[in-house]
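Read from first to last, the chains carry the letters A, B, C, D, E and F; within each, the first residue is number 1.
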Amino acid sequence: MFYHVRELINPIVADEPDPSAANALQEGLGGQFGEMRTMMQYLFQSFNFRGNAAPYRDLIQSVGIEEISHVELITKTISQLLDGSPRYQGDKFATPGAGGEAPMDMAKEQMNPHHFIVGAQAALPVDAAGNPWQGSYVHAHGNLVLDLLDNLVLEATGRLQKCRIYQMSSNKTLRSTVAFLIARDSAHQMAFAKALETLGVNWGKILPIPAFEASDYPEVQALIDAGINRQQYHFNLESSQLATIFQGASPANDGTELEALAEPEQSYPDPGAPERPEEFSPGLDPELQALVDALTDYKETTAKKAAKKNGKKTR
Amino acid sequence: MFYHVRELINPIVADEPDPSAANALQEGLGGQFGEMRTMMQYLFQSFNFRGNAAPYRDLIQSVGIEEISHVELITKTISQLLDGSPRYQGDKFATPGAGGEAPMDMAKEQMNPHHFIVGAQAALPVDAAGNPWQGSYVHAHGNLVLDLLDNLVLEATGRLQKCRIYQMSSNKTLRSTVAFLIARDSAHQMAFAKALETLGVNWGKILPIPAFEASDYPEVQALIDAGINRQQYHFNLESSQLATIFQGASPANDGTELEALAEPEQSYPDPGAPERPEEFSPGLDPELQALVDALTDYKETTAKKAAKKNGKKTR
Amino acid sequence: MFYHVRELINPIVADEPDPSAANALQEGLGGQFGEMRTMMQYLFQSFNFRGNAAPYRDLIQSVGIEEISHVELITKTISQLLDGSPRYQGDKFATPGAGGEAPMDMAKEQMNPHHFIVGAQAALPVDAAGNPWQGSYVHAHGNLVLDLLDNLVLEATGRLQKCRIYQMSSNKTLRSTVAFLIARDSAHQMAFAKALETLGVNWGKILPIPAFEASDYPEVQALIDAGINRQQYHFNLESSQLATIFQGASPANDGTELEALAEPEQSYPDPGAPERPEEFSPGLDPELQALVDALTDYKETTAKKAAKKNGKKTR
Amino acid sequence: MFYHVRELINPIVADEPDPSAANALQEGLGGQFGEMRTMMQYLFQSFNFRGNAAPYRDLIQSVGIEEISHVELITKTISQLLDGSPRYQGDKFATPGAGGEAPMDMAKEQMNPHHFIVGAQAALPVDAAGNPWQGSYVHAHGNLVLDLLDNLVLEATGRLQKCRIYQMSSNKTLRSTVAFLIARDSAHQMAFAKALETLGVNWGKILPIPAFEASDYPEVQALIDAGINRQQYHFNLESSQLATIFQGASPANDGTELEALAEPEQSYPDPGAPERPEEFSPGLDPELQALVDALTDYKETTAKKAAKKNGKKTR
Amino acid sequence: MFYHVRELINPIVADEPDPSAANALQEGLGGQFGEMRTMMQYLFQSFNFRGNAAPYRDLIQSVGIEEISHVELITKTISQLLDGSPRYQGDKFATPGAGGEAPMDMAKEQMNPHHFIVGAQAALPVDAAGNPWQGSYVHAHGNLVLDLLDNLVLEATGRLQKCRIYQMSSNKTLRSTVAFLIARDSAHQMAFAKALETLGVNWGKILPIPAFEASDYPEVQALIDAGINRQQYHFNLESSQLATIFQGASPANDGTELEALAEPEQSYPDPGAPERPEEFSPGLDPELQALVDALTDYKETTAKKAAKKNGKKTR
Amino acid sequence: MFYHVRELINPIVADEPDPSAANALQEGLGGQFGEMRTMMQYLFQSFNFRGNAAPYRDLIQSVGIEEISHVELITKTISQLLDGSPRYQGDKFATPGAGGEAPMDMAKEQMNPHHFIVGAQAALPVDAAGNPWQGSYVHAHGNLVLDLLDNLVLEATGRLQKCRIYQMSSNKTLRSTVAFLIARDSAHQMAFAKALETLGVNWGKILPIPAFEASDYPEVQALIDAGINRQQYHFNLESSQLATIFQGASPANDGTELEALAEPEQSYPDPGAPERPEEFSPGLDPELQALVDALTDYKETTAKKAAKKNGKKTR
């Protein structure tokens, strides 16, 4: 059973909109090696887990739970990169294209026009070439050794593609999220590699994939300095055997030590998103808005009543 | 950010394996109107939410979080229906097909051979006709009224299809999960219909869709008696404005009252799944199993150490 | 602009339900060489036609218009083959699965469970293996010679596959529709082959594809005797240059003559389809049914009023 | 059975070519909520209709027949936007790229190169991101209430996306077709909403979706003034019960009245499309062209003969 | 540049037809981890290879070339399993379904009716659930370490799935081909694992995946005894650096030695396939057959003339 | 069984990188009518061939084998067009994006960002709109006449699309490969048309499709002068009956004669591809590179030993 807090696993850094950077980042969300796949692959593997090797199940599941938060983070990052891009200052209740003007004529020549036609300047479950995500991306072979090896390839590919995307734009909104995901993909490579190490594999010096000098990627270096690339969180509200495997010397054989934690040390506010009248989003006209406002004003009283009525605490 | 407990939102009832019932139930998991879609659609809508109408965002998101637990439940139900189906009693470390026998020759004529070739007698992210789930199933229009109406259609279709699947087998494993999902789809119809009611719609007597006499579905009736079909949970570890909308008379106009809660009143143990040597699952041979056993024995000590080292409590 | 009459281009012959025959026939509807493709391919080619060779455009378009009626015919044939299959005698307003019985447990082991879960014992836009129809099936190359040759291959493949389906069941509902489509695919082969003949090709004895002795398919022979396989209809309410090409000796070089007509000499009643309570179809409960009945009773008066109000005749 | 006249349901207004506007408009043709889907969805629903509620079947079918004419209109609009874009003045029988020049080198950087490689500067059955149309877009649930609600969502989404596309270009060819489709999508929303109103729903003020001030879209306002957004045509050559439902006060509760007609009051000439030698379209060389010319000259005589021979009038 | 001999890399053993076994084996041909993918993945990786590490390129390419021969072998095995299944003894030139009989009514209930409708009792480029093969299965990351690791996962998954298929039928046609592919997948695992070993990885005892006692699969054991699972062939008509890597102790650390060869020591005759009149295959009627026979009789003279005329020896 | 030489069937001519030309050329590789389809279609047809008409099987197969070499050629041509495009001069072992610079920020706005994110500036198995290749493109009907006609349409479409691509860029790398493929597609049209001619068809003057004056395409004219468009190679290391059919007057009825050969008269060196550090390709860091260098230095000794040990000559 799953729970949520309305906070992000990493901050979204403000910068100018950049719709083609947003489109490149879609690969990290809805691509064959993106966060939607990692999330689904690890959840399916842990739900379908056979036998008694609980520490391995917990390790796979802990990464899977984290990936839901990555989907949340990357979705919001893409949307922010698309938001008002390029800038359009619509007034609330002003009609988009009032007077027959074409405020969105930039939209028809962006990398993926669906960002403007299908979504309202927001992320979609597709890759950077516009292909929808597919269930066949999920590999849950039901064989533990193979699943771990497949997961390692998945994390290595995810990290490789994000290293390439990092270079495609110096936009800070893009880079801060991508750098965080590069660091976490490193940690996840370590998780699956360490599990295989317990079964006898020695990885030599090939990890993490790809090899690069982190000091040249300042945002990544900062996260390494904070240890983000060698921690794993279990996100379980009760207990987890993650630490049975994820501890001791890193399988990268680079002298670092792995560290298992319940959750990240910090979480970050969700920046929200403004209305976009040119997209009819949320699209409430004055009459409907009045109804919503009345309801929202009413909320505090109601919330209190509901809490009392429920007679039951949040976990 | 997301969290987990290793418990289920509804119990999985034991019965005989039934692989064609498992295949029918795949529609409820990976079908165009299944739980993978509801989960992704509501999460995308809530992540991409524009404007200040927080109660509506919280309502959509609360259903989205619940759907992850539905994916967990239905995946495990399908796997149990497939597990050893029809029964094959392999000994651990006995070679599957020892002596050239063909213990899985039932597999080649089951509804979806992928359950046995690609998965290890386990659920897959596909529908009942074997088509992989697609990202294009996710509708996040970015227009609040339209998103709510789309969600109502989605829940109505999900419920219609599950009512049809209910009739396809009297297997108790199938029926207990399907009945629970029918009851919850009713609650979700109420959630989106109520939100539209706050914007001025009166639904008359058309809800819930499809219309049927619950007393003829005993498992559903029991859940209705317990109020499961008129509750909604927010699953937020901090707070939620769900109850601002989800309260008062039901939009089905049937005299019942809606009730918002933080989470279900009870949760249920995960039954786990045995090894399947004929599927090489988990596929550890004696040598690798010895390594795993050593690690698992080691776990208590390690777990304690890790807890101490982390110096940090689970939320 | 398009018009309709609620009559069929060929009669649907009554016989027992046969769901696997229905599934085979899906290939003729939603398969890569089925009627949905022929319809869309010829409409796209005629809408996108370049240049002044109007007789060729009219010939392509006339076949395209006919294919919409084939989609209508084959859809209704499939649905009739699925209708109550195997027989389930539900009473109106009796709850499906009343008392927990499982009236549809045959459904989970039919060739495509979607016929029962997604559709209500009715045709779907998919092929015989359950794959959804795709826009990429449509070939509109924009080169007249190539489009004609592609169309000939399409008709030959459609006919070949229907000849194979004919042999898969002796069900009369299946065979009468399939035989009609075989005869019409022959006529369409002649249409495209004749157009190429006007450009200088001589087809020798290879047409129609595949070669077979029609006298062994009695339903086909009857249609040949009636000349159905050498007629083409233009279905245009004004005029058409179809007959400029479609006339004279058949390109099959078999001594027959082609004949262009405005429309088939006869049309046939639509048999309609009964309610299926086990599918919640149409799913009106007594209360909603009363509203519908009131409306339907009201219809004659209304229809007269509307006619008067419109002050305008149907074409 | 279906018929055709070679006239358009709305005029195509001349303006400069605009290939990226053409690509955006593809969403309205081959997108998940485009005209190919509405056409197929309503035809399938009406072909598969169960029970006796004929007015509802006729209402759904009437919209379905109209959508075929929308596919015709939007296809020809896209092709006109692509035609010679940017302008290339090839002479007939002049070799494209004569002397090794590259007259189409603009093509490789257009939004969808398939418009130039696969089609001959013509519409394709794909969406604005280049994804082929899919049969799974068609929803025919077989439950009347649900089908009507699904259709309402479909029309609302179609209208929302077209309102966004309208803003993407001030090209008159684009805007006149899009404005017409916006007005018709409004009428179709009214059709399905009214049908649900007869079953007891009151829509308040949420229709049509999205809400906007039509006076700011001059082309749409002109159509509203002509009543195009509150008419529905049945296109049946015999009779229809459409008017039983589609009459009286609009379900938008805006004081307007619905009006059922047999067909639109006017139809418009098809502009045709010129040859494009750079696309080898139609691609007849002088020798083949001579054959075609001979045939076309022959046509009047032949047409007369054929008419006499057929001895049978067009309906 | 590629060459061919009309011989097979392994013999096809005769046994009864078994269409559901044929369908299971489709996974090994057109599945996500089947031979079409391995062939395309390794060819793309070798064609796109960057840098100077020629032995690694040659190793990848040698496996890729072999996989074309595997596609040939598995295609012919599937077709043989489908051939006349269940037995139908049509006479040449006898019309299928003569007299209205239905000789193929078994076909409509086979696992994939496409084997009988689309193919003529022959293999298709699809998987065991009927999904067409997709280009997105091909992984060519352009990073050597990652490509090698991905290839290892691919070979391990291919072998796991074939071990499961082996158990699904005791049919000798199926088992002999599957056993050969299991042995070769082992060799290919060794190839990629050895390449990673040269970069510093020690695989311990996890290879090959899955672990099983070969002596229980007699057909596999025979191939192991012959050394088939530790050989690799380069299939290059000139030279290859494969042996630079593929030599010495096996990375399975089981005491065996790897052996690089130019090609397999033996090749095997292609059994051919008989006519199937019920499938209209090859579908020549007596008239066309006479033309073909005349041509074939003529062949020896012609072949000699051609050889003389070409004045050029086969390589 | 298949063999290879590391040489190309046509030279790759050097010119500047041109990523949008590379993307257009993807249609010729992974498009619905590209070389991956021709290769797979002809191989499947020849593997599944029924009956005794060996010359026809050999003709189809000979083209199929050639197409593998076309896949090789076009893949390498696309990769060269993408290589360092636009030019980026990374030093080996220099970190891509060192110092936070964005050397690949051109990449995010290229036609298909996958060329830079998923591949390392290299060809992918997709079409020019980014859609992955699909198995359903392969047509193997199992009816000889139909297969030949389908193949003729395929070759005509391939040639038409390449003629359009030729005009999209004057880049010499693109044009030399495209011109070669146009000439070979002509030869393949002749092959299938001639086979149909032996069955009685007379093609008049419609071939090859499309019609154009080759003298205006200088690269094509040069190949015609060399006879490339009227030769066919069988690529069989033993023997072939290709020449039984492919001989005598061309079915284009243009006065030329067909010529069957064992293989092309010349083959060409593979240009190889340099390292791309910005893509982490091959991605060996100094430590791993040292291991590779040691191995490569070792190769000559090893190669000799291996040759001796194998005791077996390459064919």
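The rule is short, and it goes like this: contacts are C-beta pairs under 8 Å (C-beta built on N, C-alpha and C of every residue); 3 or more make two chains touch, one makes a residue touch a chain.
Per UniProt, the chains are A, B, C, D, E, F = Manganese catalase family protein.
Remember, predicted model here, so these are calculated numbers, not experimental data.
Trainee: Once the contact rule is applied, which chains count as partners of both chain C and chain F?
Mentor: The common neighbours are D, E.
Trainee: Is the contact between copies chain C and chain D built from the same residues on both sides or from different ones, judged by whether over half of the numbers are shared?
Mentor: Result for this pair: same.
Trainee: Looking only at C-beta pairs that count as contacts, which pair of chains has more of them, B-D or E-F?
Mentor: Output for the comparison: E-F.
Trainee: How many Å are there between the centre of chain A and the centre of chain D, using C-alpha atoms for each centre?
Mentor: 39
Trainee: Quick one: report the Å distance separating chain B from chain F, using the average Cα coordinate of each chain.
Mentor: Going by mean C-alpha positions, chain B sits 47 Å from chain F.
Trainee: Among the residues of chain F, which are close enough to touch at least two other chains?
Mentor: Within chain F, residues 32, 118, 126, 130-132, 134, 136, 141, 143, 145-146, 160, 199-200, 205-206, 209-210, 279-280, 283-284, 288 contact more than one other chain.
Trainee: Check the chains against each other and report every pair that touches.
Mentor: A-B, A-D, A-E, A-F, B-C, B-D, B-E, C-D, C-E, C-F, D-F, E-F
Trainee: Quick one: in the complex, what on chain F touches chain A?
Mentor: Residues 95-105, 107-109, 112-114, 116-118, 126, 130-132, 278-280, 283-285, 287-288.
Trainee: Show me the residue ranges of chain D that touch chain C in the complex, using the header's touch definition.
Mentor: 1-9, 30, 36, 40, 43-44, 47-56, 61, 65, 68-69, 71-72, 75-76, 79, 118-126, 132-136, 138, 140-146, 198-200, 235-239, 241, 243-245, 247, 259-265, 267, 273-276, 279-284, 288, 291-292, 295-296, 298-299, 302-303, 305-307, 309-310, 312-315
Trainee: Where on chain E is chain B touching in the complex?
Mentor: Going through chain E, the ones touching chain B are 20-21, 23-24, 27, 31-32, 111, 127-131, 160-161, 163-170, 205-206, 209-213, 216-218.
Trainee: Applying the document's contact rule, which stretches of chain B touch chain D when the two form their complex?
Mentor: Touch residues, chain B against chain D: 32, 131, 134, 136, 139, 141, 143, 145-146, 149-150, 152-153, 156-157, 160, 196, 199-206, 209-210.
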